[in-house]
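Common to both upcoming complexes is chain A, partnered first by chain B, then by chain C.
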Partner chain A sequence: MTLLRYTIRRILQAIPVLIGISFITFVLVNALPGDPVAIMLEGQEVDQETIEAVERRYGLDRPFHERFVTYMLGLIQGDLGYSFHRDMPVSTLMWIRLGPTLLLVISAFVFALVTAVPLGVLAAKRRNEPTDHVSRIIALIGVSTPSFWIGIMLILIFAVWLGWLPSGRLVYPWRDPAHYGFDGRLELYYQTIRHLLLPMVALGTLQMATIMRIERSSMVESLQEEYVQLARAYGVPERTILRKHAFRSAQLPIITIVGLNLSTALGGAVLIETVFEINGMGRLLIQSIQQLDYQVVMGVTIVLATIFVIGVIITDISYAYVDPRVSYGDRD
Partner chain B sequence: MATTEGQLGDGEEPQVGWRHTLAQVRNDPTARFGLYIIAIATSVAIFSAVDANLSRLTLGAYHDYTIGEWLPVLENPETLPPPGEMQTYQPPVFAEGGSWDNPLGTDQSGRDYLSRIIYGARISMAVGFFATFLGLTGGVAIGAVAGYYGGWIDDVLMRFVEIIYSIPALVLVIVFTVFVSGGNPDVIYAILGVGIATVPVFSRIIRSRVLSVREMDYVEAARAAGVTDRNIIRRHIIPNSFAPVLVYATLQIGFAILIVAGLSFLGYGAQPPTPDWGQMLNHAHGQMHVNPWMSIWPGVAILLTIMGFNLFGDGLQDALDPRIDN
Partner chain C sequence: MSNETILEVDGLKTHFYTEQGVVRAVDGVSFDVREREIVGIVGESGAGKSVATTSILRLIEEPGQIVDGEITYRDLTIVGFEEQDDGTLTPREAMLSNREMRDQVRGNEIAIIFQDPMESLNPVYSVGHQVTEFIELNRELSGGDARQEAIDMLREVGIPEPENRFDDYPHEFSGGMRQRVLIAMALGCRPTLIIADEPTTALDVTVEGQILDLVKDLQTKYGTSFIWVTHDMGIVAEICDRVNVMYLGEIVEQGPVDDIFHDTKHPYTQKLLESIPRPDRTVTELDPIAGTMPSAINPPRACRFHTRCPDARVACTEVEPRFVAVGNDADGDGDEHEGEHNDHRTACIKYDDVGYWDSVPLEKVGDRDIQYVGDRS
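And now, the complex of A and B:
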């Protein structure tokens, strides 16, 4: 099977999953004991007429399956419903909020990879030496610390006490510099980085720790491979072995873990965006829950899950592309 | 690293199975350290009601700590100042204005911060254990059935699991707790939500084990002897696929505590006045500029607890995996 056919098959496989995600989200928000209208009107004195008016407005007077079919038909056309609280289509809202979240998540992964890969390689090379122990302790603390607490501590140290970096909000590199009152593109990018630094580290630490662990064990394994031993026996310098022979094959598990960890990163973005007051998808989710804007809640959930599904497909395909041994699932 | 084999005397049989594993974990200093942390956190969670009253870590408010119903909270009202006179936002002992009466200071209602952190262990540990137990039970049931029967049953179940897995865990738990509780989120919904969110990992792990176990001769023999599928799954498949699940469960408890800390931080976990680390950080976040020390301690408590489970889980994994010689 060619790579193209594998790609197409992988995308087709995702369709039932995406329908399932939409269904579960729809059920959670609509059908369970938490009646959206009751939540919306909680604490308010309302008569039956108002309740019915609200139900009509949201189309809640129609039966469940009918509503779901209508919602799904809309989804296919990119219509995620309407935010009554913000008075705009949910899909428009998504486009506005998607940028900051992707900027945050991608930079967190860049931070994680840039720090974790060299540290992991070093730890594997100096296995059971002090360097290895230090990196393992860093990894252990990294997987055990809540990202939002790291965020709070970073704000406390670098913004409140030292005053070096801003404590929140982002500067978007795609905006016009004049919007922020900056002189030019260069200052805009500089400010973007300054604002991004703390949330990036807060969100990226967990990713760094998990990637570092995988990188270490994967490198340890790869350094014990027969062809590496053979190269060593031929007198190939250790540096060359590390760079040319062991490193490349050891990166395959990293590709997979980045794809799978996208899920924790997107979940973590909800917390980090709250701590740093970044107006992305995660903060939108929390705000919409507080505003009881349940169409937006559904929209955010479905879009975040879709990003994860797409991320996994991309990593699967790049894995197949990089590793010639992958059989594209021909066997089954 | 010391292995049990080196300690075997003459005539002793080499140890295998659970006893061997436990011995190895005992010999692993990091795993032991993890176990100590877990033991401390667990006993603090269970016995904190007594502790807080025996020591000077007095409870700050009378109406508080209702979650301790299954353990009597031995309040001693005479020794407490009336609620109106309690000092709020007192700094910790090492800072100016601090005192040993409240080593970590007091919170917004004048309640002792250390006591509340100790009490907070209860919610975190309960959520960690119960949510993981739920996820494990559900995951093992689904994974074992899917792996044993294969075919369309496998397809349907695993596709369902994939769907759950695709929604980022924290997002799923938030939406679940808010909407299923009808807008009144509480710990019980958090436990249910995290339990559901952890079903996919458990079912995947057990399924992959079951795929190899079901081909074993003893399963074949049981089937030939006319044992029902239900009993084969219960008596043979699950017990023989369980080891990796147990390792994962240990690590998963840490993950559950992490998720619920985040959930409480956002305000959808345990509700005040129940003391909870995430919820304490929620309040502390707003006090960052005025009372910065408040955001430090609950985070340290979360970090140490989760670290305990991670250390122990890693040790268990090393002990169970014969390929690792570290």
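And now, the complex of A and C:
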């Protein structure tokens, strides 16, 4: 019950944060150089009247604060504006583009956690042994190599030289298999995984390396705790100590880092989507900035910020769930 | 006191191989524990008390290593070495494997209570879960029975409404309550021997008193033996039957508590007793032991206490003290008669016929004139 109340309160607290983010984004997008109307009408012979008519139509003739209030009122109703360039509502565009990005980011974190947690635990258990040294070198390389470069190398090796995996584009598991000409769901999923593998690894490597380093140091610390010593003194097998007694409390920093690294992962997705030609939010953002499609840039920024805020809330809730010492802030 | 001896530690040496050198944390320690008695190990911080007790459970971690000695628990060889032809020591075949230590000794025969109750419980599991887990592991009880036993033990150590506190987490308990939980954990496993490593040091004095009373009651009820590690002679007087005084990795005096207190032999024990406040005596200032304990990497040769000993003579820097019986062997024939015992021993050459009394007091010589002949090894 307290956990539910805590969750609700955290969600309510997110509202002013999102309003703040919207305001800052609105200011920044308006401060961008370039004239959207000029770009929209590029290549056409137009007179001053037409330009003014277009400005009126999109409300660009009104003062800044009025435009902001109008935008926010729309936002509350789920209206993110209209894409001049793509000639469709931004919210529709978001729905189409959000799926691929979430698929990519979530799979990258799954990949990172599934590999980094066991490796980190193993490195901590075999501290200062070869296993530890090797995994630490891998982590160091992972942390210091740019993800787009890893992406390019993966394409070069696995797509171009070996020809094992496709080099780009995604197959979406929620689509109808017939859309791609596949036999059924099973083949669709198989192809989804094949297509996802390289971008997932490219985006997930940094996360894997970061999580591995923290998992290792957190486990090393945890294994030296007195309660772990006590478990040993009571004849608990080393395996159980590693899996249970030392493990759970060591995961608290991991939860924090996954939540915070959601921002770097979303940022990384922009690059990875470009490298792998994935039509997600990131690629949309780059294209819209180039096209000065303001409403879309605004929309993408706000949606990504919202995802980040949701991620942080989930982090806080899981932290409170794992660590009983976290106070829910109730006064009782 | 004709109870059977359950634990025997003989010539135990536990060394730590650090970059600065070999730390001789425990360097030839012998003592035993009998059924149903509380044996104290007392000494300053760094004397090697905890290392000695941790060695009994063979929980010494790198870079530490048990290098010599025997530890026997009933008929089990916890530590045992045999000399090879080339003079090196190797573990005897009878020595328990790590697995056997885990399954046969740790928890079910010998349990431990650590110093800091704040750090000894896992913060992310409920108190009841932790007590139940250890009981289930060390006794043949099913989950439900182990849970009931845990509740009963928590009640036994004075946790009010244990059914309701069962699912609470450690941070919801006070320090004293947590230490009670740890005692419940230890006793719940029904061990024969419990090692209590300064279990009341982190608690305030009133709580300490309550815990000591509780332990005395439960010790009588369950007939458990205790090794009680402490630096506080007051606690020794209160609960111990016999005591071992440790200094810099060695035991300097051992014997029944009455003898140690009323017929103190070793100057170090003397100084320890003088440095505790006593309500029955009016003193304006306590008399602490001069200086700090020397490093265990390169300990003073011969008697290790000679650098701080008020009675030190030149002979103390030359002659390795042996353990000599100083018990109230009333008729001096070396045998135990009624009312006599030879349990009281000390390692001070004052009580050994090796020339202490003919030697010059150390303070008259001055440090520079002492000839050190090589290093002790």
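Observations on the structure shown:
Rule of thumb we're sticking to: the second predicted complex is superposed on the first by the 303 of 332 C-alpha atoms of A that agree within 3 Å, B and C clash if a C-alpha of one lies under 4 Å from a C-alpha of the other, contacts with A are read in each partner's own complex, and residues count from 1 in each chain.
The rule is simple: a residue touches a chain if its C-beta (ideal position, glycine included) is under 8 Å from a C-beta of that chain, and two chains touch if they have at least 3 such contacts.
Every value quoted in this text rests on a predicted model; they were computed, and no experiment measured them.
Of the two partner chains placed by superposition, only chain C is touched by A:Ser249; chain B is not. With both structures placed on the common chain, the touch criterion links A:Val29 to chain B but leaves chain C unconnected.
In the superposition on chain A, A:Val275 makes contact with chain B only, while chain C stays out of contact range.
In the superposed pair of complexes, A:Val134 makes contact with neither chain B nor chain C. Contacts of A:Val54 after superposition on the shared chain: neither chain B nor chain C is touched.
In the superposed model, A:Ile96 lies in contact with neither chain B nor chain C.
Residue by residue along chain A, chain B and chain C are tallied for touches, and B comes out ahead.
Against chain C, in their complex, chain A makes its touches with residues 225-227, 229-237, 245, 248-249, 322-325.
Considering their complex, residues 159-160, 162-172, 174-176, 178-183, 254, 258-259, 261-262, 265-266, 278, 281, 284-285, 288-289, 292, 295-296, 298-299, 302-303, 306-307, 310-311, 326 of chain B touch chain A. Residues 16-17, 20-21, 24-25, 28-29, 32-36, 38-39, 42, 128, 140-141, 143-149, 152-153, 155-156, 160-161, 263-264, 266-268, 270-271, 274-275, 285-286, 289, 292, 294, 297, 300-301, 304-305, 308-309 of chain A are the ones touching chain B in the complex.
The part of chain C that touches chain A in the complex is made up of residues 57, 59, 101-103, 105-108, 111-112, 114, 116, 119-126, 133-134, 137-138, 169, 171, 182, 185, 189.
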